[in-house]
Amino acid sequence: MSDLDLRQEFLAGTAPGEDIAVQLSGDGQFRTADMSLSIGPAHPATHGVFRIVLDLDGERGREARPVIGYMHRGFEKLAEHRDFRQIFALVNRHDWLSGFSNELGTALAVEKLMEFEVPDRAQWIRMLLAEWNRVLNHLMFIGSYALELGAITPMFYAFREREDIQHLLESATGGRLHFTYNQVGGLKIDLPKGFLAESTQVSSLVRSRLPDYFDLVLGNEIFHGRTKGVGPLPMEVALSLGVSGPTLQAPGLPEDPRVTEPYLKYGEIDVEVPVGENGDAFDRFYCLLHRIRVSLDIIDQIHDHIPPGPVNSKLPKMVKAPEGATYVRIENPLGQLGYWLESDGGRTPWRLKMRTPSFSNVQAIPYLMRGQLIPDAGSILGSVFFVVGDIDR
Amino acid sequence: MMLLVTSGVAPYLAQAESILDVGDTFIVPLLLKLAFVLGIFFVGPLVAGYLEHKAMGRMQHRRGPVEAGPFGTLQLVADGIKFIQKEDLIPSAADKWVFAMAPGVALVPAMLALLVIPFGPGVFALDLELGLFYVLAASSVSVLGVLMGGWSSANKFSLFGGLRAGGQLIAYELPLILAAIAVAVQAGTLSLVGIVEAQAEFMLFGTGINLWYVIPQLLGFGIFFVAALAELSRPPFDMPIGDSELVFGYMTEYSGIKYAMYMLTEYAGMVTMSALMVVLYLGGWQLLPGVPLPGCEAAGGLFDCGVTGTLLGVGVMLGKILLLVFVMVWLRVAYPRLREDQLQRIAWLVMVPLALLNLALVTIAKVVY
Amino acid sequence: MTGHDLVFVAVGLLTAGGAVFTVTSKNLMHAALFFAVTLGGIAGVFLTLAADFLALVQIVVYVGAVAVLFMFGLMLTRAPIGREALDGQNRGLAMAVAGGLFVVLSTLVIGAFGDLPTAEVTGPRIDDLGIAIFADWVLPFEVLSMLLLAALIGAIVLARRESGESGEELTVTRIEMAQDRDPEALEREQAALTSGSGGTGEEHA
Amino acid sequence: MAPSAPPGIGLLKGLGVTIKHLFQRPSTLMYPHERDVLAPRTRGVIALMDENCTVCMLCSRECPDWCIYIESHKETVPPAKEGGRARTRNVLDRFAIDFSLCMYCGICVEVCPFDALWWSPEFEYSEYEMGSLLHEMDKLREWADTVPPPPPLDEGAVLPAEVSDALAKVEKERELAAAKELEAKQAAEAPAETAGDAPKKGKAAEPEIHVKAGEIDQEAFDRLIAEGKSERMARSKAKAAYVKKEKARLLAEAEAAGGDAEAESPAPKAAEVKVDAGEIDQETFDRLIAEGKPERMARAKAKAAYVKKEKARLRAEAESDTGEGTGADEPAEVPSELGASPEAARQALDADGAATDDDAAPEVAAEAATTEAPAARKLGDIHVEGAGEIDQEVFDQLVAEGKSERIARAKAKAAWVKKQKQAKLDEEGGA
């Protein structure tokens, strides 16, 4: 795939203007002048303040260097100065598309450290809302990825579905993006009356509209042309870079903490893990789209399982985690989210290290983008699925 | 334009059958024709733009413009006023003259192309003997404006946009012309009015069934349509603009009225190309193949139609144009963007050979029958 | 002088002006644009001589394709954007050639047609043109097309060969490229080369 | 992977999907012309009920971005009795929330121990200047008029302790009332001797009397001002005086009406006092607009006024046709006013929570009624011990159907629990 590469041997003895021998490599295509193109920090393809510097030869990029940090807000440090109630309002903001899952990870970490037993009902409801959050997030990426490839319509359809789901979640949590519904020991308040009925209804509605995405995007030949074979990520590279989520499932590894290390009540229900074959952009999108379907399946299962009972337990006036450290990993919509929580017994975390999926996924970009065309760069950039806030924290 | 009218084209004015030739003075029909062409030029894109807004909105499960004017019909007028008010930015590193002239260079040929297109029985400014060739020539000059804009903006994204536009236009000019030539061969004339007449008279071989050229030249129509999309940089061939890759391609640095001129060029191009396709393949202003318009039964069913027939003819023509514009919008809604190299591959490996094949088939058929 | 003559003179001046600016312009891109103006002017000249078809061909082929190709090429290479001095340092020679050509051509034209009376211009019809090309002049036409085809293929072959085959050794003049590369990367590249790991193609695949 | 279709089919399908939508109704909400009904829990704006605030500063301290400003001073309250000790109490001077800093986490609302802070779904308070987003006490108080009652909880939910306590109390009183009614009936069978009835009735009526707390007793207010008290002080006292007076008046009325034992319920069944919250009281609205209030505020107030009026009307209707025996079954208060005590508001959680939820009004109303009735127990209320067991039958069947073992076990477990519950319920029903 690479260009003809003219490599010069820089011998100490030669000066500019002197004749030297060079070796040619590559496939013998035309050679044009180099150019360094800075995509971002404010560019439509980067959805967020993310910058990528491409060294170009014609329209072909020779090397890509992601530049991150334009959105660093110091969440990890901030969390050290907020108590265990307040950090929930922080963590649901680093990946603003997966607020509930982030809260869930934090809650699980604190509860694990405190050895707290969470009521069953709370666990099931957490699962339900986490899956809804996953659907929300994936719908967003379906729309934005299609937009990156120039298809404007899926975005509008995705937002229509998102609106329904956000309405549903708002009725329970009061929030549309930043739910702040979890708390240590359970949930803030129980679901409102009629939530489950509405949830069933929305689930069947979204399910009935899924074929539109399959027909409009996944089955489209132009889409195939733009994504198949573009930016393939071999399994071993994927594993060594630490990518996760759809990006890791695309090469064919059914890795998903919901199945491999079930937390909450995921062990009691059926979770399917969609996998791809080649690990290219098409497979990543394929996995993403099918994860919506799987999430809807999970939601339907959860509806039959939610037991009656309390959703939170009595907490001390000041929540203090005992001295120690713990690590919790869960499957966030974009991949594995890990929280390393260390406490010195005080009312705030001593250290909250976030292992965010977006940060790890972005590591694959220089590898994937080497030798790609500019349009493919967009295709790849969109297909590794990241949220800039989740990279920079 | 002055050039054309005052010099070599003047002789054709006398023989033209346009109803715009009122009186025997020279200046009145000239002004009338200018007004007609300018009217089409400014109103056509507005209608096309409104259709795009609305159709796109409804296909995306939303409403499109609703506030400006009844049903949002004045949205584009409001946009135009906004563009005029906006600051006209010129980047400091830009080549100012080229930068300023580029939208005009793109705009004028698009306007000139409308001169020869017949919009109804006798409703045209000029019936050039070389009408078809003239439209293609005029539309091919537009790309100069795009290249100038892309280069002079001193912006890498603009440069890429210009480059892509240039490559795309060169690649698709060939299939476009080859497909059009096949029509000219079948009709035996390059005059657009003549082609419409030829379609009215074309019978399926050996039978008495009148057909438009879209049936015998379905392949050519497909090639022409795709090539026209590419030439206009309409999705799925909008790589020169490619907003998710190149910000806005060659238009990135443009703002205000100059940007509006580029947009006007695009929509005028849509109208022109659709009109050309209607004339070449879809029987012009005829309602149905073999059925003359009411009022036009006399005089071969194409001219001397009286007021009703003429208006009806214009309506049919505009309806067909809007239908084609709608299809362009539809494609924009439904499809993602292709990649530049894929587009070139399609152009050189699929479109050009197919267009040549089409031309060969048509020529053989023409010679045989 | 008729109006027709006036138009002819105006178009001629436009063409000549475009040509002058093409050679005197300090900016490569401007030169290309003036060249396009010149070509368009020539189309205008054809038009005033009632050779519509030729004029349109001139526009399609030269303005729409050749000039665009020129600019396309300039953009692909490092054509400087903005003011940058451009000097081929061949002015004397170029002027001599151009001047000589002008003198020879004008002498020839005036000598051959100078004494003809001015007549109403009536260009040929396209039918006549078609018949002329495909009946009387079909052989030269075919020979020309073969020539053009050969040139086309030749250009492709040349362009391909110039960049060489993979693994080939070429002798080129070293140019300073180090300012935008850090020395470590160079060392790494050199190490990769000397270790014989081949081109970048394998890494990317 | 997706089965490979013949080329071109994907393109046609894309066209089909888009053209299908062309003929559907757009899903757009024409925002300024139409408004969405937001969920009652929506975190739109924070409302303050300043009469509940005790200046404990919890909200201010817990706020992660410190956007709540509270100022107060201490006042000495003279001893209640002669020779008692004078006490000090905090008086709120300023309570402001800077919504340009607020991140809408809701911690302040959550931590407030006296229910002074509430979430309101109103969201249209954007401003041209950042400084105008600082809402002072009066503005925050105005938002309080827009706070909807909290929605009822899901069937399976365990009610919060204070709510379930209150419900238990209600149930107890209900039993007591039933017993008394029985007694009264027995007494009525005996030769008439009604002298003992009046005090009983009065006592029963006491918790039902509910007064709108927002008003003040003008007379008392003027008097206090004349005595040189601060205005705030005077207002709060006047308020208290008003409440006392009103209660006394209502009590007297109730007693006056007290010949008929069954007319003893000024508060009709909660479900009946259900008003469509979407409407506004045009009169109030016009008046407020004329007073120069912003439209939004006027609308919110007019809405509240409408709800108030409607409730009053419905209640009056209910009172007028108390021929039927609704007498003893609903002693629950109807917290129609937002200035009501927190207990009342909490009870509203279950009692008439859906009152303003016009979407689900009919069925929710019915359900609210059933929640109230102690006899109608549902599966959700029953607790079953030993959830670890499974329904072997279901399990075998599912395994036979080819389900994975894990799924089968989970489903069988659920089936077992459901069965047990049904059995218990039947048992209770039989007993």
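A, B, C and D are the chain letters, set down in written order, and residue numbers restart from 1 in every chain.
Everything below uses one rule, namely that a contact is a pair of C-beta atoms (placed from the backbone, for glycine too) under 8 Å apart; a residue touches a chain by one contact, two chains touch by 3 or more.
Values in this document were obtained by computation on a predicted structure and should not be read as measured data.
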Pair joined by the larger number of C-beta contacts - B-D, A-D: A-D
Chain at the geometric heart of the assembly (C-alpha centres): A
Averaged-CA centre spacing for the pair chain D and chain B, given as whole angstrom: 64
Separation of mean Cα positions, chain D and chain A [Å, integer]: 39
Approximate Å spacing (C-alpha centroids) for the pair chain A, chain C: 52
Chain C and chain D: spacing of chain centres that average the CA atoms, whole Å: 82
Multi-chain contact residues (two or more partners), chain A: 153, 157, 160, 216, 220, 222-223
Residues of chain D touching at least two other chains: 11, 14, 17-18, 21, 27
Chain C, residues touching no fewer than two other chains: 76
Complex interface listing, chain A residues touching chain D: 82, 85-86, 88-90, 93, 120-121, 153, 157, 160, 163, 167, 170-175, 178, 180, 188-196, 212, 214-216, 218-224, 267-270, 276-277, 286, 304-311
Residues of chain D defined as touching chain A within the complex: 1-2, 5, 7-11, 13-14, 16-18, 21, 27, 38-43, 62, 64, 103-107, 110, 119, 151-158, 353-354, 360, 364, 367, 379-383, 387, 404, 406-407, 409-411, 413-414, 417
For the chain D and chain B complex, residues of the former touching the latter: 11, 14-15, 17-19, 21-22, 24, 26-28, 30
Sites on chain B touched by chain C in the complex: 3-4, 6-9, 11, 93, 95, 98, 128-130, 133-134, 136-138, 140-141, 143-144, 147-148, 150-152, 154, 159, 162-163, 166-167, 169-170, 173, 177, 190
Interface residues, chain B side, partner chain A - complex: 56, 59-62, 156-157, 160, 235-236, 238-239, 242-247, 332-342
